[in-house]
Amino acid sequence: MNFDLDDDQRDIAAGARDFFRGNASPAAARAGLEGGALEPGRKALADMGFLGITVPEQAGGSGRPLLDLAVVAEQGGAVLAAPSLVTAARAAVLLAGEPELAARLADGSTAFAVLDGPVERSAPSVDAADATLFLGLDGGALVVGEGEIVPGRPLDATRGLASVRLTSRRVLVEDAAELWARARQVGAVVMAAEDLGGADRCVQVGVAYAQEREAFGRRIGSYQAVKHMLVDAWVGVEQLRSLVWWAAWAADNNPAELPLAASAAKACAAATFERAASTLIQVHGGIGFTWEHDAHLFWRRAKVDRLLLGDEAEHLDAVARLAVSGALGA
Amino acid sequence: MNFDLDDDQRDIAAGARDFFRGNASPAAARAGLEGGALEPGRKALADMGFLGITVPEQAGGSGRPLLDLAVVAEQGGAVLAAPSLVTAARAAVLLAGEPELAARLADGSTAFAVLDGPVERSAPSVDAADATLFLGLDGGALVVGEGEIVPGRPLDATRGLASVRLTSRRVLVEDAAELWARARQVGAVVMAAEDLGGADRCVQVGVAYAQEREAFGRRIGSYQAVKHMLVDAWVGVEQLRSLVWWAAWAADNNPAELPLAASAAKACAAATFERAASTLIQVHGGIGFTWEHDAHLFWRRAKVDRLLLGDEAEHLDAVARLAVSGALGA
Amino acid sequence: MDFDDSPDEAEYRARVRAALEQHADELLRLAPGQEAVDARTHEAEMRRTQRVLHDAGLVGVTWPREYGGQGGTLLQQAIVGQELARFRVPALINHIGMGMCGPTVIAHGSADQRDRYLARLLRADDVWCQLFSEPASGSDLAALRTTAVRDGEDWVVNGQKVWTTLAHVSDYGILLTRTDPEKPKHAGLTMFVVDMHAPGVTVRPLRQMGGQSDFNEVFFDDVRIPDSERLGEPGEGWRVALTTLMNERVTIGGAGTAIGAPVEEFAEHAKARLPQLDPERQVLARQAVGRAVVAALGARYTGYRRLTVLSQGGIPGPEASAGKLAGTEAAHLMADAGVRLLGDDAVYAATADGEDRWQRTQSWLPGISIAGGTDQVLRNILGERVLGLPPEPRLDKTAPFSGGQR
Amino acid sequence: MDFDDSPDEAEYRARVRAALEQHADELLRLAPGQEAVDARTHEAEMRRTQRVLHDAGLVGVTWPREYGGQGGTLLQQAIVGQELARFRVPALINHIGMGMCGPTVIAHGSADQRDRYLARLLRADDVWCQLFSEPASGSDLAALRTTAVRDGEDWVVNGQKVWTTLAHVSDYGILLTRTDPEKPKHAGLTMFVVDMHAPGVTVRPLRQMGGQSDFNEVFFDDVRIPDSERLGEPGEGWRVALTTLMNERVTIGGAGTAIGAPVEEFAEHAKARLPQLDPERQVLARQAVGRAVVAALGARYTGYRRLTVLSQGGIPGPEASAGKLAGTEAAHLMADAGVRLLGDDAVYAATADGEDRWQRTQSWLPGISIAGGTDQVLRNILGERVLGLPPEPRLDKTAPFSGGQR
């Protein structure tokens, strides 16, 4: 039994943490709500090699397992980095047979987005707002094409959500339903990893404040109402971390478990991040619901992410269906 | 605006409280689990006039509004009295056109039960275990008859649950669907009132213990974890009380509101009583989960009642359907 | 039990309605779907609206006649509130002044202060704000640090207040200060009336997470207040503030009025959106809708019970705090279900056609669980004052404030 | 990352399996669906089972060889635990003795005590129990009132203990007493080994809400204990007890083993019952099933992370308490969904064919949120020792116990 990161992965995580802390921040997420640029941005992610972690080496990537990408994604999530690594992970699966396109994904020369829903008018899709080439599922076929972008008023600007209508399309894989499903599961795992980073950060910031702030002659973290709220959020984060690691590990090492594990991780992420962000606000009291405080930026991310790539209800339903059809083993 | 009991109803409540405290108790509910007799029993309830509160005066009842019965039921619920007034309330509606049977209901000379589900093999029905005459819905018709009783191993003995197969049947009302639905709504209100009494009692007992018991040099009620748990339970009880009163009032004064109000009250009762009973156990710590303590008897009642006469999901669904079809008004 | 008005109440309500109809043209009213107006942009109309209502006898309903009020009952006040809402008149510009500042001046002001301030307050000739909270003293109000130092006939005030509703349009405020840091925290406070136009007062809007600015920060930099503007004795400020706060409780978490959207509006929204979901999602959505409706109805009818207490001449006690807790919970459930029902639009800050009703409520609710008493503080109040549970041990009530024990 | 055994672990596991197969006929095993055996009715078989396992080298895995143990690792212990569960061997009769009493004797006993007790304990020649909790001291263990008074070479014990697992079959117990009521509560305690067959010891079963009796009350009426049976110095009882409690933490909320039903069993149940619901109820039930499975898997894989720490030679810290919280939550969700899936049978204590798996778990879980550390105490531990949040102010640590401050 060795259910822990190895030394390589710890190094990757440490490097990612340094990079993201230096090149992204909740402040950028705040500025993004008023039109500011996203940080660190696609180019910086490509330069760090993060967009190509799971792209095969032949296509210019690192050919590393999804777990490596998940630990990087967690660090990005902690500072609300954008664009999301979900697109990189998902597109890497979809472009497995397209080394040339995969190379453009990995080196950041093309801004890909993966479209959810019908390609005639997609659902709000991650980082579609500034993408130039779109992957979509069109009548069972994987297609690539250009499109017309319709953004909405952002709730969380870092997700770059937009609805897209494909204006051109070329079929890459004829019968792509299974590939598409796997890519979406992988995307769900990476989003859960980003949410893990965000939720973990919420608990850390909340704990730090509760250790300092005083009310009625005591530090507020000594009150059970505050303490237990933070503990419950932390326990949730710990469960989420386990499910994210398991799901990411399963993607490469036990693909039959991926559907269940991905749905479990994504369902857990939705509830855990939302609770952690709400807790962060509540622990801070008045200052916690001001524009200048970071708390609402995590809250916004949580409110959006919980609905992307399948909401909690969809994934709980999937977990139940898979569990009763024997996916847990006997 | 006068949303409060009137002096008559306060008197009725006070009288009922005295009666039930003298003639029933959680101890009897405990003994019932090992075959002991239920308290106060059907005869005592009839003698007090409680079985006939809503039966018309011509049929030997008091012809009083449902709200009067609800305030009595609340007092019975507080001590886990049995049999339930749900059957009296429901049968009184069903027997509106049968004064002779209604008189036998009111004076307790016949032990009625109202069967849920098909009369060929009913669902577990309240106080059917020792009933001799059954009311049921058979292909849209209201029937009365004798039956074969199949009890289960009781979780809460005071509910007298049994499944029944009618062995004889006589049609009382040919096209009874609406009457039946109304009777079930009235039954739901009365059960919610009994649950209100139980939940309220749980909070009272929990508060009293938290005021006395000490740990770590302080009374445990001074700890926020305990205090807030009790407050949340109490706030729930207050909401439930409002919904029960409203629903009981609507039955006589604004019947169009009854379906929504009854479902709201029953849904709220299910969650509120269950939480209050769990809180009662948790506040007591070790002693709270012993056989000799009363806490589990409330917990048993809550675990059973939440599923009877439609569970929370059924009633929430009904509330939603009614609300979107305009039952709230514009 | 009777949800209708008593004959007296019905008559009063009819008079209120008639007065509103008569002055309809002079009143600011909310457009359909609009919930509030911004005092920043509509100050003049809001002042005019309150003046017109005042002259029609609908302002200061419960205030004594000698101070320009109507000498009426709390229930009449509630009826006016209901009718103003029905007539879609937004909250009056001086609602803080009427709900909190005025009652404090009545209770603790000098005859001269009462004469100078109260009638003008009701007419909105002067708008008032309440200057209590500070960055370092939120729930623990008595930990405030703004100082007032005696200097001849004046006091000199320095410090910062925060969460001050309406400060940017206010003419006066009631200001709680620390005048003796050597006393225990509750004992060294003094209350004043401060002229918001005095030199050294700076008001800065405070932006909330949803982007709007309902509150302000107020900075005091050597602001001079004549001793004649003191409310109550020096060192008695905490007792004076309790008057204000008890009146706040009457105002918040009120009697039968919803926090957030009314449940009827929520039901309309659900009616429009539910059919657009696929059948299985409808099953799940109805659970959420039903749960929210039950919570909202529970809060509403519990509010009616409090209103009944008013109707019978009673005074709301600490149990009114339960109204805010339950109302906030219901509002959360409605907002969450309301947003989810939007489908794809739920991930945006507004729907494609610019409608942001549910998203706006969603982003406003975290503040509601904090402002006017956090959920946790309300639970303490209910536990201790209603259920009679013992308080937490307090270490800060006796030590001198300057001793670092805050 | 690798969920498989390391080569060493795999080899050890194979040896364990072989030993179990070899002694299969001598071991008490659980029938399908059975979760536990009652020591009241199966004492002899349970003692024999432990003896057989001991002789096969599967008991006291981590204990030093000098005391009859195997000198192995915590991970080997976990492997033995997993394989015993897989082989459906019920909890060993001396699990309290091995998990808590023995380690305390090892740490604080005299050489003579260690010689006399430890080897016999591992072989279940003697069964042990832990006598700490009292009616007036649950979470606040140090408030205990059972007294031991020195009398010549003996101590005389009077008082009552409660929640004592296995007391009715025990030969010895470790007993925490108050020997100096004038000292502050933690300072006046002393620990002893008590002979459960001594005159004046009375054991009475304590019935739980579900009807079963997993615990006992134990009464001490002038029970004499020789001073040589003291564990640690007089007044050092609290320090000795902490040794016991730290070992308890290793035992509870463990590493990857579920509280309540395994999730696979729950899934089987759902598989059988879901199709019997009408389609809309299936939609709702799948939400509950999914939620419970996610919680159970989260607890399981978090347990695997703790197991990994063991595997790498680490010691479980206070974060293990999170395992009990999360495991209890998952068990609650599974039990509730499990009961609801029964349809009509959910209102009874058993299904029509007498099966009571889910109802029994339901009635057992309220106790699990209390026993071995209430949810609230666990949250305090996690908040203070893992997250580093400040403790509550304590007023009871310095006053003399007899001063009424308990």
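All chains are identified by letter, namely A, B, C and D, in their written order; residue positions are counted from 1 within each chain.
Keep in mind that, in the parts below, a contact is a pair of C-beta atoms (placed from the backbone, for glycine too) under 8 Å apart; a residue touches a chain by one contact, two chains touch by 3 or more.
Computed from a prediction, not measured in an experiment: that's the story for all the values here.
Farthest from chain A, judged by the mean position of CA atoms in each chain, is B. Two chain pairs are in question, A-C and A-D; the one with more C-beta pairs in contact is A-D.
Chain B has its Cα centroid 48 Å from the Cα centroid of chain A. Centres computed as Cα averages put chain C at a distance of 52 Å from chain D. As a whole-number value, the distance joining the C-alpha centres of chain A and chain D reads 40 Å. For chain C, the set of residues touching two or more other chains reads 280, 283-284, 287, 376, 379, 392-393, 395. Taken residue by residue, chain A touches two or more other chains at 218, 223-226, 228, 313, 317, whereas all remaining positions touch fewer. Of all residues in chain C, those touching chain A in their complex are 133, 135, 138-140, 143, 162-163, 206-209, 211, 280-281, 284, 339-340, 344-350, 352, 354, 356, 359, 362-363, 366-367, 369-371, 374-376, 379, 392, 394-397, 399, 405-406.
Contacts from chain D toward chain A in the complex involve residues 1-6, 9, 75, 263-264, 267, 270-271, 274, 283, 285-287, 289-291, 293-295, 297-299, 301-302, 304-305, 307-309, 311-312, 319, 322, 325-326, 376, 379-380, 382-384, 386-393.
Taken in their complex, chain C has these residues touching chain D: 280, 283-284, 287, 393, 395. Those residues of chain B that touch chain D in the complex are listed here as 33, 117, 123-124, 152-155, 159, 161, 163, 214-218, 223, 225-226, 278, 281-282, 285-293, 295-296, 299, 303-304, 307-308, 311, 313, 317.
Residues 1-6, 67, 203, 207, 210-211, 218-219, 221-224, 226-228, 230-232, 234-235, 238-243, 245-246, 249, 253, 261, 263-264, 267-268, 313, 315-321, 323-326, 328-330 of chain B are the ones touching chain C in the complex.
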